[in-house]
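First subunit A sits with subunit B, and in the next complex the same chain sits with subunit C.
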Partner chain A sequence: MTSPIPDPLAAGLASGWKVVDASALDKDLTLDADVVIVGSGAGGGVTAEILSLAGLRVVIVEEGALRSSRDFKMREADAYPQLYQESAARKSKDKAINILQGRTVGGSTTVNWTSSFRTPPDTLSWWQNRYGLKDYNVAALAPWFQMMEERLHIVDWPTPPNANNGLLGEGAQKLGISFGHIRRNVNGCWNLGYCGMGCPTNAKQSMLVTTIPSALSHGATLLTRARAERFALQNGRAERLDCSALTADGIETNGRRITLKARHFVVAGGAINSPALLMRSGAPDPHGLLGKRTFLHPVVVSAATYPQPVEAYSGAPQTVYSDHFLHTGPVDGPIGYKLEVAPMHPLISATTMAGFGAAHAALLHKYPHVQGMLALLRDGFHDGAQGGAVELRSDGSPVVDYPLTDYVWDGARRALLTMAEIQFAAGANGVSPVHELAQTYTSWNEARQAISALPMQKLITRVVSAHVMGGCMMSADDRNGVTDPKGRYHGVTNLSVHDGSLFPTSIGANPQLSIYGIVARLASGLAEDLTGRPAPRPVAA
Partner chain B sequence: MQRRSFLKAGLLGALALAAGGAVYRQLHPPILQRYAMDDNARTIVAALVPAIVGPVLPQDTAQRKAVLDGAVDRVAGAIAGLPLPTQKEVADLFALLSLAPTRHLLAGIRNWREATPEELADFLQSWRTHRLGLLQTAYHALHDLVLGAWYADPVSWAAIGYPGPLKELSA
Partner chain C sequence: MVARVLAVIMAVQLVAAGLFWYLFSRWMPLDVALVLAIVIVLLVRMIITANNFRLAARMGSAPPDEHKLDLFGRLRLFLDEYSSTMLTTSWNMLRHRERMHIASNPRGTPVLLIHGYGANGGFWAHLSGMLEHERISHTTVNLEPMTASIDDYAAQVERAVQALRKATGAHKVAIVGHSMGGLVARAWLRRHGASDVARVITLGTPHHGTGLASIGVGSNARQMQLSCEWLQQLEAFDREQRGLFTSIYSYHDNIIAPQTSCHLPGAKNIPFGGIGHVALGRHPAILQRVVAEILSIP
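What follows is the complex of A and B.
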């Protein structure tokens, strides 16, 4: 396995970075640090860099393995088991929603599609008014977003969209639906289209190639294939974090124990895993809020075929979006949705498309002509979309119980209608909503009548998610959240949460930049609290 | 058997199974371990591959056996990458599809090796829209495992016109 692309992780390891693969431990391990960070994704990566630059001794614990560009061969069969939670087959408790989350160094940032949006103003207004998060306003957060945009090279994408994205824009334009272009965290992107399998050229400015290497170069220690099991909590403090080493394939524990001691602990394992760690630890939860209000941006999908090739597997995955249907009513009115497209690689396309046998093969026979559009529903702003609850299985592993309500289904139907209309406007000759009872429709009129009558039910209407948020929600009032506006866990003085699980609602946009910006502020505050000095400002190498 | 009585029997059978399973699990919390597909499970998957992926398998007997074996191996590999609680669910599913009473009652299949394309399609369609969520989820599991295994294989790509990733960076 060779690659002509220089691998910065290989170079860093050769330079003496402290990286411990727990699966190879031959005895138990105890480490001391100023700060232990659980998770190396958007929240953990940003925190690790800022605290390391501040001179603090940092240990990062990551359940996944350290893989980098030399391993990223753009093959789904390798990428899903190696880089995703549960082999990319994580599901809600009733298995009605397939949930994509990363499990590798860099977390979901290593496998996301690079879409970068600041937290929408209407989401921030809601947080201020409903949860007393006064400092979460556009002006106060702008410098933090700007700092992370500069750090991660988040800029307008100058290359024309691929056909998959372009058709969203064309259809929207014909119908008078507003749309825009997506900013991306890439530098020197080859426009290949395989962001979801790990960037083979290191163009994606994920945590894997930015903040984590920076932290390691400033003395941080990275433990991989190590699962954070539970905190030992005593007298309102976290005394230590007990971890288990995993087998090389990440499926089981291998019997070695790791004990981590620190002045302060930061939980950044991502929504679902972060609240689960705190639940296993018996963290204080006097109001029964821990793990609750877990949001998924439930996604429905519409496939369409066009006379011309679309080649939705090639080119930057997401470059065009429409927020039109987030703004047609009040934020707490009927559920709004954001429109984007999905890259269509064979494995994920074949498993996502409904049906079997000749009918399924017929759609795949037109594979290069297929466009995949998606609508993500903005949950968390209405009584009908209060999100899911994280539960623990008998082995302590988490699962989210997420009810798909009539309120959500109403949005799903409207979104499927919108997508079909846009696809026909863009010239589709067939539209196939991803639904077990749907057919391929050949006109907007036919599609409109059919979709209006399709039953909206779990396991019949395909629902997926790539954005998990909430479960450790912030609130100024400790009766309404388990964390405060600084990310400090209520009732445990030396414990913070720094990831998307803090969010009291869904974001209404791809969440990575919301996590980067908000966590940059939280981590800078934490660095000042712990060192008594102004926080350092991370800059791109 | 009439479809109506089949459904009724299927429902009752599944409820009895579910109840029995719940009682059993209360008394014996599951010990989670890795699941390796046995010959029964491999036979079931081999029967289901053509039914699920559709008319894209080679007609030549030897070639057909080779691609089926490869697909079954990749299903086994995909299962091995799942968390242990999920592997347990997959093991339970293949047990349910192997044992004669549940196979008859719930899947309507007499014998996997000799099942006709129509029988397999009827089975898949009935679970796809079954009133029991448990069987619907089992349909989705089979759908995703088989289609995932099929289209994971670069050999399958030419038939759908997928050129594969840039060769210079995927070696």
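What follows is the complex of A and C.
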């Protein structure tokens, strides 16, 4: 059956894009390039387009497969194993935090929920003051955010929020809590609500349908199902990148080796895989900072049932937010949190919600009436939230060790209280904080007393994350970071990092637009350094 | 398979050296015994190479006067061929891994390299390095099994040609075949046509057979016997396509005899002097000529 939805990836492949599926290699492969980019997500995609437009020969290495709207069937059971790191079950070292990260062409942008925020001003001023990142101010970054907003069609979402989001706004309004509407990178969105399984209509302006096709049309080569293993570093230069070809299921290596040589290398594998690649390569790290200060925006969740259907699985997943509790104190005061909602698809909801047996079944019995609210905690600004550390397992694969401190737990408790209060204000007849010892509470008074007494401990308080940042942090002073303000890795002249791992703290908002804008500036600078000409400006097709 | 056979040969040589070492150590110091044992194994290999030259000279064609070698020239020919053989069989082919190289800013036509009888893609270690340096995309193929009919290798060549075209986006490829590899290219051309190939360059290919084929085993060795029926049919078939071919060969080839068997009527023939059969894959003059031929493809 042919789909009425045009698939730009299929068309591009037919037009002769250079795409090599490493799982199909029957021999070793060596490639040379001007620039090799590791990763095809927010950082890799933006970099690939700008460098390709500048006339540089680019090779993009992606561990995931190339899948497109033809493959996106709005089925969780297919999407999670195919499109996410570790089948969407990546865990922190102590298993206390489940981490959602994309692993497909387009990276997390292929599966994210489209929420687009510029980097908050208080985060930027913290970076300027603490890390000497003087060019990282609102005015200097504004043109870059604007450029990427135009490129990725990031605009106000004109459609009314679905009930899941609407209830956040209603409850907040009743309580006098400020809230706003989320801008989205979509063009012609059908309002289906299955963004997390890959956009089936190509409305989401992810890297998969924007920058990566543009780079390929300008001569870039995309290598899929290829894992970057390590750089060969000699005399302060990256001489080559050794990669392993993976099997078609993306799990094992298939024995074929890929060797990539380039004038310059850009690491953009995300804030777990980027530091891990550099650690495996023995990259210089005189101050012991590589892979440290890894931030997760730890998220706690509150489920509520309403008399009316909410159908939280339907409609644009995130359109209302509240930053009220990011601004009630200074950034380095008690931990602040951003409020949003979570789309409730059956598999991820059932596995995330607390309880088991009859209680769990009872909650799922009311599934269409359930609203899911989340609070993401802004880590990285206080001694009590210095983030985690990326470690390598014996096979070289990475894992994040993230300590959940009393400082973080204090925020988690306040966030669960806030969410319950908002949910009751919006008319909930039951609120179930996602915590193994929590019950379903039927009044705000009952919930307040119970949540105040719940033990805040790992593995019984559900904590999840979809935003990994830090680990290759930038600093003007090389004693405080492994990369400089241009994203260049200290001590390796032809190596840059272009992804969220650069951030010296968490962002305090969904990070995709922060990565797009900041990397657009870094990539344009790199293009100028490598070509000696002004960088081209990418525009939407 | 070839790498395994070579590994067995290497093991036999090591065991033989070990035995000699053990024997000699009764009469002399250990280190002297070891050196002597290694020298004996190397001498055996040298005698094999020398015997090839002897056979090839007996069945060979006389080189033209301008390529006649003096004693020094013959010594250099022999040592060059001996060292090439040792390097190729004991190192390059043993540690060979098949690979494709794609140049980012490529020059010329992508190249498929087809090795000869009893070899593998490791034969091309030197040319491959030079092509990479010259930004020419290329790949090798390992012909299996070792002793098949030459026609049976055509399917493998076709797969390699199409993979190379797909990975580079090029419409046509060039083929460089060493020795039997040149005949494999012709057999592939006979089956799959010339639409995907811009040039076929053969290095020391016995287009009319070689007297030394009778000491080889397998269908492919029989197909390389002097003016056998298979070669005559091939000769009749591609007579009209000789404009595609460049045949590079040496008047002093120690495996192809008569050496003029490499002369392909109607093709661009480029004879050299003073280079042995295996050394064709390593001699700078030959490699530079091959690269020039590839870059001259319009």
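Keep this in mind: the second predicted complex is superposed on the first by the 539 of 541 C-alpha atoms of A that agree within 3 Å, B and C clash if a C-alpha of one lies under 4 Å from a C-alpha of the other, contacts with A are read in each partner's own complex, and residues count from 1 in each chain.
Methods note: a contact is a pair of C-beta atoms (placed from the backbone, for glycine too) under 8 Å apart; a residue touches a chain by one contact, two chains touch by 3 or more.
Bear in mind that the values here come from a model prediction, so they are computed numbers and not experimental data.
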Combined model on subunit A where subunit B meets subunit C, clash or fit: fit
Contacts of A:29 with subunit B and subunit C, given as first, second, both or neither: second
Contacts of A:95 with subunit B and subunit C, given as first, second, both or neither: first
First (subunit B), second (subunit C), both or neither touched by A:416: neither
Subunit A residues touched - subunit C or subunit B, whichever exceeds: B
First (subunit B), second (subunit C), both or neither touched by A:18: second
Touched partner set for A:3, first subunit B, second subunit C, both or neither: first
Partner chain in contact with A:221 - subunit B first, subunit C second, else both or neither: second
Included angle at subunit A between vectors to subunit C and subunit B, based on C-alpha centres and rounded to the nearest 10 degrees: 90
Three-chain overlay, closest Cα atoms of subunit B and subunit C, distance in Å: 25
Touching residues (chain side subunit A, partner subunit B) in the complex: 1-5, 73-77, 80-81, 86-87, 89, 94-95, 192, 194, 200-201, 249, 251-252, 313, 345-347, 349-351, 356-362, 364-365, 367-368, 393-395, 397, 436-437, 458-460
Residue numbers on subunit C that touch subunit A, as the complex places them: 97-105, 132, 135, 139-140, 163, 167, 169
Residues of subunit B touching subunit A in the complex: 29-30, 32, 34, 51-56, 74, 78, 80-86, 121, 124, 128-129, 133, 136-137, 140, 143-144, 147-148, 150-154, 156-157, 159-162, 165-166, 168-171
Residues of subunit A defined as touching subunit C within the complex: 16, 18, 20, 25-34, 57, 59, 221, 257, 262
